[in-house]
Amino acid sequence: MASPSQAELAKSLAMAQQELDYRVDLFNRMTSSCFEKCMDRRYKDGELNVGEHSCVDRCCAKYWQVTGIVGQMLGAQGQGM
Amino acid sequence: MASPSQAELAKSLAMAQQELDYRVDLFNRMTSSCFEKCMDRRYKDGELNVGEHSCVDRCCAKYWQVTGIVGQMLGAQGQGM
Amino acid sequence: MASPSQAELAKSLAMAQQELDYRVDLFNRMTSSCFEKCMDRRYKDGELNVGEHSCVDRCCAKYWQVTGIVGQMLGAQGQGM
Amino acid sequence: MEGMENLPEEQRDALLQKIEELQVRDSLRTYNSVVERCFVDCVSSFRSKNLDSTEEKCVSRCCEKFLKHAARVGMRFGEMSSQSEQQMQQMMQQQAQQGR
Amino acid sequence: MEGMENLPEEQRDALLQKIEELQVRDSLRTYNSVVERCFVDCVSSFRSKNLDSTEEKCVSRCCEKFLKHAARVGMRFGEMSSQSEQQMQQMMQQQAQQGR
Amino acid sequence: MEGMENLPEEQRDALLQKIEELQVRDSLRTYNSVVERCFVDCVSSFRSKNLDSTEEKCVSRCCEKFLKHAARVGMRFGEMSSQSEQQMQQMMQQQAQQGR
């Protein structure tokens, strides 16, 4: 395989950065949405109780499924992604 | 006209990027504000009804006018823009 | 002292930019949080009244203290900052 | 995007690639923001780890509705942008004529 | 912004230009955020496509109030930043003395 | 992060440094967002300019809770990401076999 050109390298650096940005953004939104859905925000305690733990797990699973549905619909439209 | 220097080119690239960023940010905020003002978020339907359509049009027009008022006030202050 | 290499310079430029970004982000969040905590948002007037002025001062002071507490806890965890 | 035509080819390519990158970045952000909005609006029970059919339908409609809404805003945004650019150009021409 | 003084002139120029760019970017974002806030707080009827005089006045005052508020926060922010930098420098000097 | 292994060393270093920068940036943003969340949730009286002990405790617990929450989300996120990558690779291999 020929070694990649400067322009190709710049492009793959940019793509890697994009992917990382995308994942971080997804993670942050999932974190804050599930925090708001699941946590008792009176903060009587710094620990998560049993109910909160299982809520977070289900919340993440459902959030991920929404990601899939929206991804399919955007893909079908040929819009983005 | 003499050909522009490297520094000038870098500056005009940066300016073009700034302008694009600004427009995208404006568009995103207009979109989400008008979504919240106009859309029935029980999602009984994926379509916009007649009322929602005209609400969006007016919402965009008013949002644009607010842009103008704020722009004048910031300009008068010599703050930003 | 030897003059810094290209890589070191690039790194210190990046660090300076990070620090600036961080401060701007902190300032913006403090500004919007204290706006929501302290301002009467019916906008009968463009001026801040006496109560609002002292509320903003205290709000900034308390926000800063929260910054300190969170910073210590994150530092203790060895997580970032 | 004034000044674009003054750029030498190499620089214009760099700019166009940058614009493409920004578009990818923006569409990924839009994607994430639609997911967040429709999740927040449609999902509120966490007794199961799978979406039920009501939630699924809600998410689909929410996504469809958001895209149609955004398309309409985009249309209006384009109209208003080009109008205000015309106004600005007219103003600048008038000023240039008065100035000379 | 420590380390600034160690930079050769060319690099310092690049940094200063970068800072200027960041300032433009930040003032444009502030502009967009004031518009959004004042629109959300002041406009809620969509029976007409033009702002009425009550809405216009509300937007002006909102914008004025936000700018004055931000200026005050900026003043306090500056005071607290310089205080905490002094504290940090004192601490670092003490540690340096103890260390040697 | 496909393509990483195709990069010559120099470029890989640049990428790794960029990633490190992004991580610092993200941890600073997280820091700011925890501060904002815990301030908003815990502080609502402005009759004094110092946090009282109730507010202080609330902020500590909020911060602790947020970090534990984020760690758990991170764990789930990692699991789901690696699963969906496996699925994607299986799909791509099937398509490659059908395509030939």
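We call the chains A, B, C, D, E and F, going by the order they appear; numbering starts again at 1 in every chain.
In this section, contacts are C-beta pairs under 8 Å (C-beta built on N, C-alpha and C of every residue); 3 or more make two chains touch, one makes a residue touch a chain.
Note that the structure is predicted; figures quoted are calculated from it, not measured.
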item	value
Chain-contact steps, minimal, separating chain F from chain E	2
Set of chains whose contacts include both chain B and chain A	D
From chain E, the most remote chain by mean C-alpha position	A
Gap in Å, rounded to a whole number, between the CA centres of chain D and chain B	9
Computed distance of Cα centres, chain C from chain B, in Å	26
Distance from chain F to chain C - Cα centre to Cα centre, in angstrom	20
Separation of mean Cα positions, chain D and chain C [Å, integer]	29
Of all residues in chain A, the ones touching two or more other chains	21, 38, 57, 61
Multi-partner residues of chain F (each touching 2 or more other chains)	29-30, 33, 42, 60, 63-64
Chains listed in ring sequence, where chain A comes first and chain F follows it	A, F, C, E, B, D
List of chain B residues in touch with chain E within their complex	11, 14, 18, 21-22, 25-26, 29, 33, 36-38, 54-55, 57-59, 61-63, 65-67, 69-71, 73-74, 77, 79-81
Chain A contact footprint on chain F (complex, rising order)	1, 3-4, 6-8, 11, 14-15, 18-19, 22, 26, 29-30, 33, 37, 41-42, 58, 60-66, 68-70, 72-74, 76-77, 80-81, 84
Touching residues on chain F, where the partner in the complex is chain C	17, 21, 24-25, 27-36, 38-40, 42-44, 46-51, 55-56, 59-60, 63-64, 67
Chain A to chain F touching residues, read off their complex	3-4, 9, 12-13, 15-17, 19-21, 23-24, 27-28, 30-32, 34-35, 38-39, 41, 43-48, 52-53, 56-57, 60-61, 64
